[in-house]
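Have a look at the structure below before the remarks.
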Amino acid sequence: MKEVIQDIIIRNSDDYIINMGPQHPSTHGVLRLELSLQGEKVKYVVPHIGYIHRGIEKMCERDTYQQIIHLTDRFDYLSAHMNNEAVCLNVENALEVEVPERVKYIRTILDELNRLASHQLWWCAFGMDLGALTTFFYGLRDREVILDIFEESFGSRLLHSFNTPGGLMHDIHPNFQKRTKEFIKYFRKKLPEYDQLLSNNVIFQMRTKGIGYMSKEVAISYGVTGPSGRASGFSCDVRKNHPYSAYDKVDFKEILDTTGDTFTRYKLRIAEMWESMNIIEQLIDNIPEGDYTAKMKPIIKLPVGEYYQRVETSRGEMGVFIISDGNKFPVRVKFRTPNFANLFVLNKIGSGNKIADIVAISGSLDLVIPDIDR
Amino acid sequence: MTNDQLKEKISEWVSGIEFPENKQYLEVLVPANSLKKLAELLHNTPETDFDYLISLSGVDYVSHLAVVYHLESTSHKHFLVMKVKTEDRENPNFDTVNEIWRTAEWYEREVFDMFGIKFNNHPDLRRLLMDDDWVGFPLRKDYKDEIKMIER
Amino acid sequence: MDFNIYDFTSFTKWVDNALNSSMSPLLAIIIELIIIGLVFLLFYAIVGLLLVYAERKVCAVIQNRYGPNRVGPFGIFQTIADLIKLLMKELINIKHADNFLFNLAPFIVIIASFMAIAALPFAKGLQAIDFNIGIFYLFAVSSLGVIGILLAGWSSNSKYSLIGAIRSGAQVISYELSVGLSLLAIVVFAGTMQLSGIIESQADGWWIIKGHFPALVAFVIFLIASTAETNRGPFDLAEAESELTAGFHTEYSGIKFAFFFLAEYMNMFIVASIAATMFLGGWMPFHIAGWDGMNAIMDYVPPIVWFFGKTIFVILMMMWFKWTFPRLRIDQLLNLEWKYLLPLNLMNIVLVAFIVLMGWYIK
Amino acid sequence: MNIFKYFGEIFGAIKSLWAGMRVTGYYFIHPGQIVTQKYPENRKTLKMTERFKGEVIMMHDENNQHACTGCGICELNCPNGSIEIITDKITNEAGKSIKIIDKHIYHLSMCTFCELCIKTCPSDAIGWGQEYEHAVFDRHKLTKVLNHPGSSLRKKPSKEPNQE
């Protein structure tokens, strides 16, 4: 019999409650955290979500499969490309379409570039949560280089609906490879600065070490995936466990740690940035020639059945569950978004800490609110 | 464990199990009254060890309401789709699995919010995404909202 | 009239004589007070505005930005535009707030910082009042502001404000000790608490050089503690933006908020000028005993330039801290004070006493 | 507590803080590293990339002619209903009644830049415009008519003579 993991919130009428959010600098969006305080100490955290619920799952039921893609951009807007890819892979697998090799390589490179951009933004926001305001600008400065590459190829910087079932919207821009290589060279120089400025800083380490400990059992039971889960030793990297696109062709390691505190989650993301650059470097020179899209019918009708596809976004495991009745519209589309599960663990690992720690912990979980509310 | 072994094991444990056809994964259709029992056995037996609930989704098949559990074992890496359904649209209810997989608490709240499926013994069954005073269950197929929904 | 940029004594004497010769002594005193008050008010406003501008520019350059660059050349009128905006903003009254204390709090904060200017020696003879316990007065007055912060937090009937105010109270009370003890090291060196006396004692070299190791330790501790006392930099827990949105001044708007804002920058100026006076010789030019040629060259630079130069140096240091470090947590803040700064400080005082007794400082 | 450990901690802390201050200090004394662009001033030199998704436009040639046949595929494919096509029936020279577009209405305020309309257009009549300053004071100004007034359908280069 395994141990039962529980966190029960007992509300009293005389609790000293403060509401962090919906408009608050450190909740990165419209998330409301109900904190019960005892002095500076937090007794429990109750997250209230739904402030940016747009009913995307309902909207998907009246959209064709091509039209669903652009809605998935709007979940986790920082890993838009991975979200697109989840739907595309699902549709391709259901139709049993073989995608050209070139598409697979490009998708993988874009995944990793997007992950880098996302982790950079997380780094700056995390520093700012802890009061180091300068990190914000350094992170954005480096992220801008990636966004410029994106803009050249996709035409947009953040919400690029670049994937389509069967391939890509366009071929990559001729400059893409050159500029990506330049960026990797540039960022390899800048990333050590991140360590000097924040990771090695004694104040930062005091603020994050030993705070918000999450054990492996808790991570699995709460379904905490992505870097947050891997920091607790939960080997949940979909790229490694169920390789998709070109991930089976690259040599990379799944970064695992077992300490499970806020600092580990931080360190793990920094390490993932290095690993992402390794993956890109392996692929960028070897993109095979070929078509940028497979031949697809203009109206996609999935065969009757239920399909589930998982990809690894920058925040964890993204799952798309499509039920089709053979029509051009799906019957039901369910998105398993990583942050939904990642936020729920906040009470378990956050209660008992100080207010400032709640900010640090929720920052280290890397929450993106539209991803939670869908 | 291979899918066939899993099938054998599961049909040993619980009676009235069906295995619908699924191209990708092994799918199990559980009778509602033995859902909790099967979930506990799947989670606690070392050979199956389904400790990771990936996602829990409500589905409206028009003829019936269903809840779909996507399970994975982090140690054995096998995958299972567990499904439970009811034809009662007025007062559908299932047992909760939130003590087994903690992440189910919010997923179940979301399913209650969107489909009106109640979960027995759930600690905090409130609406999650919609307002508390929202009328109706938006993801059901018979939900109508002339103002906010654009039909195609 | 004998105006001399190197020595303001004769100038102030002349003003005093001129007033006394034309009216009764009481009236002369009153008029002198009014003149000094107006001059300081002007000074206060200008320094506040310049510091706000400087901080925005400094942090912008650190962060690879341009900073304000729209209003006027290089954006120098940006703070004036901001001031006009703040003046014209609506003063929001909070329901169920203690209105009297709510309105009083910004004034207490601003008066506390205003009072400290009186004892600052800007140049030779340019000091409103030269107390014989000048440093004690500065130290006492600069810590009055916390009363205003506590009142602001308590009276605004907001939980964020209250937490911010209580944090600020705990913080200022503990860091007072370190500020006092680190200044005490210099008082022991100089043997006087009179500010003019302390500056005169640095005529043959500043204390941070003459006092070598213990003075350096005291200087570093003073920088840390005074940053904490002004609620700045890595110690801005009272207004911790990412935790308490704005801390004790969450509910303030318009000119009342501007008072808090101005007082924060003025406090920074005051602690920087105290540091400059005590450790870096105030208006005293850079002298090394025996090197008469160099000392004479240094004397060509007016004392007022020396004073402001040193103050700006310390202010830049404090800005550099603020824009580099993450914020501490409240318990770590108190740990730093009680477990590290205070014991080090006490050891340092003993060391200073020993050095002074043996005469081991550089003469 | 070990006294050496105590002082070691203090020196380690100062060292790590100094490392951070070196980074910010480096940028402070190197203003050449500033990456900000001064936006309204650089408007003349600011060039968007050729794929930039500014807004949907309809390409017109020098004779004020476009390629849109009014088939309505873009309208069907738009997920948000941001395209409306109003067609008109006219009789051409040959006396046949044909369908032409009267207005190709594009709601920029509802557009999510998913590129489906442009991708699926059979006659490549619409494309991306490079305009990036979309702010207006009145939201009705965001509803645009893409075909220019007085424009007409471009005649396809007829292939029949070659075949014959």
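Residue numbering begins at 1 within each chain, and the chains themselves are lettered A, B, C and D in the order written.
The rule we apply is simple: a residue touches a chain if its C-beta (ideal position, glycine included) is under 8 Å from a C-beta of that chain, and two chains touch if they have at least 3 such contacts.
This is a predicted model, so every value here is computed, not measured.
A comparison of C-alpha centroids places A closest to the centre of the full protein.
Taking the mean Cα position of each chain as its centre, C sits at the greatest distance from subunit B. In terms of C-beta pairs in contact, A-B outnumbers the other of A-D and A-B.
Look at where the CA atoms of subunit B average out and do the same for subunit D: the two points lie 42 Å apart.
Averaged C-alpha coordinates put the centre of subunit A at 25 Å from the centre of subunit B. Taking the mean of the C-alpha atoms as each chain's centre, subunit B and subunit C sit 64 Å apart.
Counting only residues that touch two or more partner chains, subunit A has 134, 141, 197-198, 201, 203.
Residue numbers of subunit B whose C-beta contacts span two or more other chains: 150. Under the contact definition stated at the top, the residues of subunit C that touch 2 or more other chains are 62-65, 323-325.
Taken as a graph of touching chains, this assembly has some other topology, since it is neither a line, a ring, a star nor fully connected.
Under the touch rule stated earlier, the contacting chain pairs are A-B, A-C, A-D, C-D. Interface residues of subunit C facing subunit D in the complex, by the touch rule stated above, are 58, 61-66, 69, 320-321, 323-325, 340, 344.
Residues of subunit A that touch subunit C in their complex: 16, 18, 24-26, 37, 40, 127-134, 136-138, 141, 197-198, 201, 203-204, 206-207, 354-357, 359. Residues 63, 66-67, 69-71, 134, 141, 144, 151-156, 159, 161, 164, 169-170, 173, 193, 196-198, 200-203, 205, 298 of subunit A touch subunit D in their complex. For subunit D in complex with subunit C, the residues that touch the partner chain are 10, 17, 20-21, 23-25, 27-28, 31, 33-36, 38.
Of all the residues in subunit C, the ones that touch subunit A in their complex are 59, 62-65, 159-160, 163, 167, 234, 236-237, 240-245, 323-332.
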